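Notes for the one structure printed next.
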């Protein structure tokens, strides 16, 4: 059975030694969806254009959140991110968030992409909560990663 | 139609002035669920006991994350949190996370509770990703809040 | 001759004890101006409207920067900010930044307002530097403060 | 007409992908001037020697501020700074601040040098504000940068 | 037998709810000693005067460290510190560090005073390590606290 | 006589330029001991097993603290840590803390290892202080470092 690499044989948490891993270009894409109301999505989008600073605020939060990943996720390595994008797609009553993170370091950027999505989601939550306190962030997950020894991984159908 | 209080009349983001709101005891409860595999849940729980530091790591991440809320969510007020709890419930192939945040300040702690859940979820994601890269965090949402002028709010059925 | 309150009689830096000061509503307004080129201002404003996320990015940076004041300015007290606004006014070849900070604590928010202006200025600098490396941030200063024992102060003419 | 590289074609903010840029030794020098009163400068300098911890406090603030650049400036890349200096020159009624930042990474350190100057300026502002509330930080700008594909840039006369 | 208040009945870590505790003036004093060599102490003190920025750097580190306490100590409450002092006393081959922290909040500032001492000690360690890699920080401990329901506590003789 | 490399010839603090130093695998081991009471150690260890989250909390604090080193120690370079371990050994009335930090950068990780020990010690202090307010952290020191031009250093006997 597979084991958690973040725990040593005694079960103690550790930041795994990646000294021996090669520096390599690595990319990760993650996404998630804030489910809210049609009214809120209408406030966010008027005629297809972002309204005021609402989406920009969440985008900046996601990008800055990606940089905070090692401060937030206890066993993540601090790395030099070489790029982050956060995109929003407005649906009928939901906002779909996609984040892409890139590095050229010894370890992957899955957590940076997931953190960008989560923090952008928190900023959206904060923006809409006075109008829709019942909004829900769903499906925060990794979609794709590539680079390093493991090569390309894409999310299997049905998960 | 309701408006976003975080944007002024021109659409510019702002940290709303809460000087006039009364200091009051306020509580918020949020939750979410990491969907993973039965194998991962078995690794997290052996005989009903937490395995090593896995859940403790995520719990600490959530509590510390709650304290970082104003650093992460751009328009949140910095407040003196008076207490935070993060609890996990292990299901068949999922981990349910619940966080409670408390303050006695001029503004609510919904975002602190939601941030605790999201960051605990990120730490779980990080812990399990080598075993289950397809894990997904779902239903990150506010369950209940009380305190201040608005009184008690509980999540309506069906949302 | 007046002395620096941030240094004790031996010249050692300290965070002054404000325990005896009353909690009170306090406001500070600060401003500054990024001098750049007419080309850059035209990129920032097209027909009077902000272009994309440029100004929103700087506004969010300023608001988040205000919250980071005690992390940046060594002898500043950590306080619960009750509100922050950052506004931009576009001139011919300059961007004027004004920030207002509010609290209800035992110490003033001059540094929070000045930090909001400086950090918004840094974000503008970062945005425009590929087009105008020679941009300059000038006149970062306090315009007005009120609240607490000292009452209202407004910047004297000619300074 | 030149465009802002920090915005994509739709105007959305992004942290630009620098994966393809070469790692190289890079240096940036920035400066600025705090205009205050002759009385304040006399307090800062007695017989040519720094008084107590005043300038040291501002110097440390500037150095630590440079390290905080990616936390403050939303679209800046987190990088491994390889050195930072902050120097002060006392004039009649002003303090001139110069900062030099160095790295061997894929992107320049202009923002780190500018942030060091701005944060040192904020710390000076904080130190002197009880004596001179009307102090002003001016001319925060890049003086010189070198390294990477762009080679050496020096500030043109008259800007 | 006494129990750890930071763990609930199941052993899970939590940030204890202090909502019911009264806001009160509270003070804590902590200290510690860096043991190094006579040569290093001579470098730090020449004729009784601090040399350059060495001690100022450590003092600022301690004061800023106190403000970072809730970011560092997982179960500490974020509080509004109302004052921090860090003092050094130079002995033959050691530097004694004393820190005083003050607040008017619902919980004590023991950890803030201990953190100021520890972080000032780390900065001293960093300053001297090229000359004395074997320096040691000892006796980091609480000396006195007062305020709140518990009243005054002073360290017992012989501990 | 040796000089502090962190100060320039005028005594001003600086972050030393390490651009010319080679990137290399580097390791540092540091340790320290929290002296408390047998009662507290019994609470931490029941039958050899960690009780609840107490030690995990301190371990996570130490690992996260190591990542915060450049934020805490003013003249430390920000680096990409490639691994951190924190271990506890329970004695009769003391807890011994050992931390190992690794990097492949241009500068050593002594301060990261020392910070991990200090912050883990602070978290233990916080955990036990309600039961033993007189606990003391002692012997925080570097035990061994290797890598880079200086090769292997081990702590001499008798220091």
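Which chain is which? They are A, B, C, D, E and F, in the order written, and residues in each are numbered from 1.
The rule we apply is simple: a residue touches a chain if its C-beta (ideal position, glycine included) is under 8 Å from a C-beta of that chain, and two chains touch if they have at least 3 such contacts.
The structure presented is a predicted model; accordingly, all values stated were derived computationally and were not measured.
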| item | value |
| --- | --- |
| Chains in simultaneous contact with chain C and chain D | A, E |
| Identified repeat of the C-D interface (over half of residue pairs identical), from C-E, A-D or E-F | E-F |
| Chain pair showing more contacts of the two, B-E and A-C | B-E |
| Distance from chain D to chain B - Cα centre to Cα centre, in angstrom | 37 |
| Computed distance of Cα centres, chain E from chain D, in Å | 31 |
| Residues of chain E touching at least two other chains | 12-13, 53, 56-57, 59-61, 64, 68, 71, 74-75, 78-80 |
| Touch list for chain D against partner chain C, complex | 1-7, 10-13, 32, 39, 42-43, 51-54, 56-57, 60-61, 64-65, 68, 71-76, 110-111, 114-115, 118-119, 121-123, 125-131, 133-142, 145, 153, 155-156, 159 |
| Residues of chain A defined as touching chain D within the complex | 25, 56, 59-60, 63-64, 66-68, 78-87, 102-104 |
| Residue ranges of chain D in contact with chain A within the complex | 8, 12-19, 70-71, 74-75, 77-80, 105-106 |
| List of chain D residues in touch with chain E within their complex | 53, 56-57, 59-61, 64 |
